[in-house]
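Multiple structures are listed underneath, in structure tokens.
The following pair of complexes shares a single chain, subunit A, combined with subunit B in the former and subunit C in the latter.
Here is the complex of A and B:
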């Protein structure tokens, strides 16, 4: 360790005279297109969205600065031709299309947006918890060297290959009271059985949640299974020799060792939560009423249906900020801390 | 029902992974306080046997007794064993102290007792300054010690080691080998140690069990294994450089091959009467007599030097005996030259004679 450190240190010393920016020039040049793409698409477009959320753009983005008569002063003067008086209007200066935080005030004043946020909160919390718990449990069960593991894995992973739209439709049918679960159970003789989450504004989010979990858990399970399999078999043997129960080995030893897998899973699930859109469209289109609205749906509707671009941008900016507020400190702790160890 | 005096006793043990038979009706008795080494090439079933003793694998057939108690169907933790793994298998999120105490805390042992055991293990293994570190911040040798410590705090009668030193570099391995030997002297408990390194086996073992294809080829003290290998496999496996083998005939009390004739005077035959037959004789390179001592050798012959391999302390000389390549180990300071003719002496009493077909010692 120390030997290696000294090695790198002396290597750096040799190169010190070269300015940092000139080092690895070839590879830096080669990465310029990629860097440019990242700057333009990720940073540029994001900034553009944020800026326009402060404007009053509707169908199309308005020019940020336009000339418009803010004030006009009639200036009397004599006409040269016949000597009579005339007035010329001096119209004035540039004004902007910026409307300040109006869009945001409107956004937070909209009931539909508030409901969306609430729904996303419930959906996100449940989706994150259940995806991790179910995914890990399934992976742990599969890891217990059961037969037909490959078949199970394929079956559970299969929904992930479907598009959200298909998943949404399938679950719309399954949860439909007229030909889904409710009908089947009623046909079995339970006449009063009620199970229609998609048609009940209290439970509709959970109806969407079921479909989301059905589709997403498979991937989480596969990630977890790979993580569990990556753990040295001797760890299991050691804990067995010490008489530690299997569940305790999972909880106290295996899960802490699988931290990177959990991080990956959380990011993937989190991304899925924030952009949940297709599932809602396919299952309920936000209904009944506005009870299953989601922020992404709000954004899409404002931008493409209601021709209120800036309002949509404001909503997406709020989504972005929320994600950033959660993500940045966490990423800092997760990845930044390692360097200091 | 079982009132024997063995620490570990294995009876007629079979183990198969599906159609693959890894252990075949294996018997092994290990005394109290004995250091037994399981030695064999890769894939011969050493780890499998050790895992069976530990209870990590269920035998297909047969029984295992530890301290006279049938433990064949008991959980590993109830067998009174501690185990050290090749990869050490330390819990990476816990400190060294956490690693040592996790099993004990889990068994709800009183705090004071845990403290006492950890202190003792840390003292024996000299890991006191490391107790608050995580395994990631330890060197290979330190990790190995912590792994031993985890077995030590269990305060058990039988220690199982599965190639505990093979992840270390040669120098450290030699150091830790001595430490393990010292640990055994100090604790005086039974140790079963798996390795494929014959030096480790020879230096550590009270007895060595040499395995091949799931069978024990020979069980004996390092001295017996080295000097009186029971079959050609063991003879070939033990010793470096390995033994010279010459195929020939056993005729009238002598080994004959072409114009070479070795009267087997002084050789301890296994049976009272050994009939004439096709045989293989094995002679260790270091048992060939050279220099001034040749004069007293029972059998002498001339040999031409073909190749010289100096190895520092010794030199390996390749000659030809009865038309076959033959290795001789001589002193490292030798002044031998290529193509020089050399008189060598052979003592049949130190040779090994095997039946050609069965490869069993005669």
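Here is the complex of A and C:
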């Protein structure tokens, strides 16, 4: 007893003597590569992109500190040798690489960008709502101890294993009026049936949404199912004793208890929404016209096809800012508060 | 023991042949039927000369392939040679010293004397040094018409744009699409350019595309062009295809009356076994202004560290311009050769029309040579929206067009 006590006491004393930064030196050393990666790749490259979005870079990034004359003023002065007047030119320099907010002015004056933002809004809102609702409903149905649960789970999760390009192509065929659903229904005898979302500029975003949901809800369902299974059996017993209907148990008791699972799902779905690119490329390439354009397509096209890096950087900076504006307050309330409690 | 000796001998053989022949990876975006047939001619000729052509075809149009090619060059993984549309696409790569200077080949072969029109070589030249080998001339200013479609509809084959517009209702009544159009942005922008040259004339085109005169772009001549394009948009309303060769296929099978497309469409008619003048008809300059733009393809050679590869790159450059390759390649591709001193007697009717216009000097530079990729991209975005949105008025589109030209560089 006494020996152990002295040991602890001396250990504490050693800790106290060391400055805070030297404590746990081994684990701090081990995390240096991770810290460096975060600083260089995540923060460094992001800052680089933001800075270069204020330049006039085209195919290649411009050198940042090139200058050009801004003004030159002749300054009269007396020559020391013979006392006559002479002029010296004083030249003011300004950076020739930076163009201020020109790239952003152009971005917000471009119809294609405005259409992209609108499309992302519709796609994002619908995708978030339907993924959560459908994912939870499927999970709750599977949770009712049905037969062949494993088989159903595999079938529903299966599309997630496909790449977006494959999903996009498959749905492009299904929604094509000459080969897909419209053709099948017309062959059944409904001659005037029209279903061609990908060829109609008003509904094309929903055509893409269908494919996105088909691919993504399986994963949400699995997350939800894991969450539902994590609920204590006793809760169910209690609710049965009280005579609460099953649906009410799910809505009023299970869902509030599954908050962490919902948070995870929202983050995963949200990341998928912001980066939506390959699905659109495979299904419509942004058409008909520009009606299914998305911000990520604009960034890619400007940076690589049109050889205007700075314009692409400006667009990606706006994307980052939008995400940050939504995410930072939410993350603060979601994660920051708990730490303080 | 015996096996080992055989293996050793085989290795020695492979080693010996590798020393004399060099492998060059060549990237390009020639993947449709007619294009693939043409690029095979280049590969055959290069292989026959002792080196090895490693084919690096990239599917999709130039818009897909160019970013891949450029990022490989920038990323330090350069290919042996690559197709690009010469003009301003490679400007910055040349300035950054990433492309091989082939001036010695050009001088040894006397390119300045044989290449016609000389503007093709000028597009390859930066500060007096030559950086690419032009291989063909492609012109946009063509409309391709289907004999079958007009016979089915019972109307005479049009001989110019006005007759084509007048015949559209008859074609529609016969269940045909008057004008086949793919949905890709470059097709929308290209077809608009053709209509502009035909209706407003080459001087207006030059004022806008070379002098970047925004007043002309907003002026009355261009207003007529936008009205004509809006009219063409209505004629193409039922054309639901994406790629240009699918649209050409509508013309080949007689489902559509015509398609505005560059002369590369000719390769598709050839692969389908169709004959110019019998199965299909071509009208340069839409039959109004017989004039062609002389854009085209050229091969660039990214800088490599290996001197043997560099020697092979220069051998390929010389080969691409040689008379035999020019004849076989251009006949297969349906494009015009870059030199006037070769025998093109095997050319068909449409190519002869093109050769005659070229010989007469009725030529324009290509949009790729006069506008930066950034400006071209903005025009493409505008045009693809205009061609696909019937609610966008001609006046609206023209106002936006004039603004792009005002800010063009």
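Convention: the second predicted complex is superposed on the first by the 296 of 341 C-alpha atoms of A that agree within 3 Å, B and C clash if a C-alpha of one lies under 4 Å from a C-alpha of the other, contacts with A are read in each partner's own complex, and residues count from 1 in each chain.
Definition applied: contacts are C-beta pairs under 8 Å (C-beta built on N, C-alpha and C of every residue); 3 or more make two chains touch, one makes a residue touch a chain.
All figures in this text were calculated on a predicted structure; none of them were measured in a lab.
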Superposition on subunit A - do subunit B and subunit C clash or fit: fit
Which of subunit B and subunit C A:285 touches, first, second, both or neither: second
Subunit B versus subunit C, judged by how many residues of subunit A each one touches: C
Which superposed partner A:241 touches (first subunit B, second subunit C, both, neither): first
Which of subunit B and subunit C A:253 touches, first, second, both or neither: first
First (subunit B), second (subunit C), both or neither touched by A:307: second
Overlay on chain A, subunit C to subunit B nearest C-alpha distance, Å: 52
Complex contacts: residues of subunit C adjacent to subunit A: 63, 66-67, 70-71, 74, 89, 91-93, 96, 183-184, 240, 242, 372-374, 376-378, 381-382, 384-389, 400
Contact set on subunit A toward subunit B in their complex: 232, 234-235, 237-245, 248, 252-253, 256-257
List of subunit A residues in touch with subunit C within their complex: 58-60, 110-112, 177-178, 199, 201, 285, 287-291, 300-302, 304-308, 311
Complex contact set, residues of subunit B against subunit A: 51, 54-56, 75-78, 81-83, 85-89, 91-93, 102-103, 106-107, 150, 154
